[in-house]
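The chains carry the letters A, B, C and D, assigned in the order they are written, with residues numbered from 1 in each.
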């Protein structure tokens, strides 16, 4: 979408997927027509990237569900397509022919207003339709949307354009989930197969841990309405906070290793009560996917742990315990956002395609670094509505905010997040025991 | 403790009991000696009230545990006593003779630093020691503390006095739990027995629902250090908020009945996702203890529901769904505290001894009413540390803040809360599915 | 009941209690009138024994339920009384006044035909009625039955006499359950309190393990109709079996200790698949109640294990694994019964009151010993109906045989079984993972 | 194997698969050399049939695991191959090259003696190796065995020939499991896809229910040693039984429908206690796969229920409840075997390929009909060892009999059982709540 003008802000949150997905929204202050050519190009690119991401996976890989929180690749491919079919094409000129009327039930995630849905924990039983047919579904819907965008000329209503844009953000969110969900599946295979061959990491000069000071006082927080955002990023509002300091980089594997070596997983006093129950009940003794031999499962199979790379696949409980052990604390999401405004966003999903968190580089200078593109960072903030947050009216809006309890906010963006899906105001959220995302932490302290 | 001077602020949070209990603290700015005569009188009174509360219960009633979240009365009687024995008498002149060395293991709630503990879900298996012996334990410890206070003259160190005061707040918190836990037990008995005979409620003229406006801007929130508080009530800090309105009274049984009649428990769109899962998984169709025939279980047995009394025994999920249904929202804890400062605290635990939420009275005037003394009110705020909150040093402090995740803050105080245990800054907290406390709600909206 | 004449054979099986209780039956071939004086004396004695058994237990002990399989003592006291009230007094002259009409719901175990019932796992929530009131209930019903027996002269119908006799067997079965259930409760108390003070065991000269040979061929098995029996002990029927040998005594604690020392609990190859799952899932490493220091919990508190006494509190899985380890097998129930016919029954519940399994004595001679009165012995036989077994008609008979799946037969009788409740044809049965009964084993092998 | 001479009897029981699989055995009385040409032909045929069975399934279908009791098709394909690799080729001339050393861990079912194994409930996570590679594994092993059989001439030791024969029976057992497991998976798909296109059923003239009388007395039961058998079918032994009658055909869908219409699933009195718990806990209201609209899921997708065909996919509990409702009982396995000796075995897996139970035909005459080839029939017999049953020595024998508890015997053979895998002495066994096999029932009564 064009820059410099006010565009749709969307209402949000499809975290049934485990993290915030989008729902729908209302147009706001769109002074000018959407640029359909730009939108069409973006549509083509995003759809293609999704298919690119899965090309090395077999049909079998793409069918199985590793746990209720994760979905099969094939389901992601179909669900993102269903989104366009249901909210864009059915909202379009009426000439669209539904690909298969039964897919509405199969690939609806949780939108009760648009019909029944297949139970989430049973998505892995859908060996039919097969992958080929799902790709046929994708082609059918992609073509229909392209026809709408290309052939329609000025006929595309702003609302429709906004919904297409929304569908693309939705699909980008699922791109990340495709990667994290397939990692969780392949990690359960004793053969530790790779989802794809990963490039060798770039050479970097790690920089030492340092704390950057920030001023307190009044700040405006939340999305400013320029460019796309989910509704949970607003309304922008004023907060008062005290001065604080933030680490210039996330906690590394080596640092987390010290915590383990110091008995971190065996000392009740370091843990939240619910965290300790998780440690004991599930036998946690290291981050998820660590294999105990200096390697960890990755999208490239079992690879040696990089000491200087950010630790990943830790739960909120582990992040919190580490911070307590270190004598620090996690930042709040407000603190994080204030700091993040000073740095440029970055993603390494396609830019490099490393698909794993990388060490920082001393070239990053004095500012907080690696705030985007390596790991999502657990904050100390529970996921709650911003003041003045209101569910939008209408069918999709029925579910707004339905995930705003029991989850914690993560900020930033990971090595699996598309670069243009990353922004400083983005509020990701997961249950505090979730470990299958690329989730790490950054330390903070009072000034 | 005397008024008008700075006294100990204690560090907190024994919510293993289901709600915030206290732990320990450090003395701060106590310019003068504690008034031991006042403390001795308070000690005598609080200990006596506990015993008064249970006098109509049989030894059998006092032994059984209805669920892991609740504890047997007998365990409460012993645990509050163990607290004085462990933290005051063992901290005293060294002449104290431990009553039974095995009780440390049995009646420690979760203080790992002071030794092992009996598993919480197995407290109901402790048919021995018997109730008589537990009362003997109480007498032994009460006498020892009284000797310390009365005979010791000026020998009582300020820290010891502070710990005694802390022990009394601890015991008052358990007084409320004694009542809510025994209610939960007796509610499971088909005979619906009364814990005691309740007096007839006073005559009141209910007043209509009205919203009171409050200004936004900068406010200082949290305990100001005058008088006792738990550590989670501080540090006092500055917040910025928008103007808001708050209902002049809690939601009533009649209003909640309308929600039910309108299909409130059957409409997924009204619920948080986790709330809906609870509704379906547990078959909720009304507040806890409602018997389906216009009566509900109470401490006085099955009694008719009073239409005008605050609804009670609802979970956070139900409170939130009701607010969404009503087109309003729950207040944040900051909003609640700002409003509560304007009204006097009140308790009806002993002042009246109604032991159930009562209707409001139009004599309450224009201000928000019933903020104390009927039901704890769920707020929209997750239980998190205030900015600058720091765990205190030392053995007990090891556990500070360990409950600050996954729970929601309740404010106010209920019909089971001792009047002098109620204050505007008090932060109670429970998991969002808890229903056995006297928990209700009050509506709010943006101004 | 008198000897030498054919008397009622009752239909059975109240194993909701964990072991076979009786239900009801039909009269068969009672050539003569029942001897009411004998029955009255037996009634007085059995009722008195029950109360004697519990006299050292506190009201608190008698109220708590340790697990769903066990019931509170108080519930046993009331349920056995309810049985007489429901099946005898309501079946009587119509002049009986029900003690409390609500007790039918509370103390019905599972007889659907006679009304609703309180859920079994919630029996421990019944702090009311209190123990005193339950004793009042007992006195009320005892007096009414005695009036019926004493004052009625020849008016007592044979069916009523039979039901009274049945009620006494029922109560005797619950006497054993009172003991095993209270043991399970007290074993969960870290204080390891005694249910009563046990006498010192008699001096005995243990005898070495020897195998006694039995002939194969055709045998008639099952109850012969002389004297009382449950319906599951019949019909008597002919079986063909091969010659076999049976150990002259049960496996001892010392022998079981060798199994443990030899890694018995760590060798998958020794276990049934379901047994191995139980070992791993529950962390079994020794019989239930063994405390790991050479002592084990008993009705007399923690006592030293007697090497020569029969091992007790083992599951079927452990019995089976031990036999495999020893290169032997468990006997079938038919083999056991053939051997048991040659020896006199014995019980040590009241005869001695040892209340724990005792070592055998070489004075027992050549015959198989200790077949009664120490431990129930797991057999290799699944609990199935005998050929020709038919559920009886009528209300109670609706449930006949309802437990005849998934359970294994135990034979003999334990130190907690009343002596006159023991007989060679008795078929006790429990799930193969049950350990809270006095359950042991005896080895067998093919001849 | 040739007829009329004594051949290997194998020791058994791989019911980790849900039903009895074979393990290993000892040669017994093999007077002559095995006929290698016959064996080679059988080997080629059985391997080919397996591949034929799965040819219409997609790679995705063959990868997913629907529940812990079921395995993916691909796993079956690999496991049966692993069996030959491990027990035949590794037992062979030493020149065999293992296909992939990691497959031993992946495709071992539960033979602890031959190494570690992948957890059963996680078989569905094995998206790698892919189906193509598994077929490569099959070809590799098939070729090696064929070389051994064809090229080796007289070098094949009798033991090796016996193991090959065993492996073929093992594979045939898995052929049935492939079908029942894929049915369970496809039944969970809302699209109700067909595993293959089924032929129209043959025309039949149903015959009325009739009871056939059998004499009691002494009978010899169990395998006589002629031809292949699993070890659990022996030793042959003598039993004594009473005269009985057996229905001439299994219970039909129409008859089972009457049970449902008569409130069968709502009447506690008809059920075993454990069965009633299953009905309530799982919401059973009809046989598995019934769709409530007169159709039921089958290997051919959703098809109309045939009133005259045997009811299938009922648990033991349902079979038992039906029999009680009908005033009859289930036969014991001994009764069943005595009757089955009089009729010829039949299978319809490949002979017709109906792949669903068919109605009986009046042409079947006076004898009991449909004892083989439609549904397995639940018997009243718990799965226990026959008298004199002994686990065989050696590595594999360590597990013998490990499933002989908590399961019930089924007799006969279903529409998914290979015809030459069916025999009168075959003892199949499943837990009493299992419903995903083709399991039905036949009524019996005392004569």
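Here are a few things to note about the model shown:
Rule of thumb we're sticking to: a contact is a pair of C-beta atoms (placed from the backbone, for glycine too) under 8 Å apart; a residue touches a chain by one contact, two chains touch by 3 or more.
The structure displayed is predicted, hence computed values, not measured ones.
If you take chain A and chain B together, no chain is in touch with both. Chain A and chain C carry the same sequence, and matching their CA atoms takes a turn of 180 degrees, rounded to a multiple of 5.
Taking the mean Cα position of each chain as its centre, C sits at the greatest distance from chain A.
Chain centres here are Cα averages; for chain B and chain D they lie 61 Å apart. Distance from the chain A centre to the chain D centre is 47 Å, each centre being the mean of its Cα atoms. The geometric centre of chain C is 39 Å away from that of chain D, both derived from CA atoms.
Residues of chain B in contact with at least two other chains: none.
Per the contact rule defined earlier, chains pair up in contact as A-B, A-D, B-C, C-D. Those residues of chain C lying in contact with chain B across their complex are 58-61, 63-64, 66, 74, 102, 105-106, 118, 122, 124-131, 185-186, 188-191, 193. By the touch rule above, chain B contacts chain A in their complex via residues 16, 110, 112-113, 218, 237-242, 268-269, 271-276, 316-317, 320, 324, 332, 380-382, 384-385, 387-388, 391, 398-399, 401-406, 408, 432, 446.
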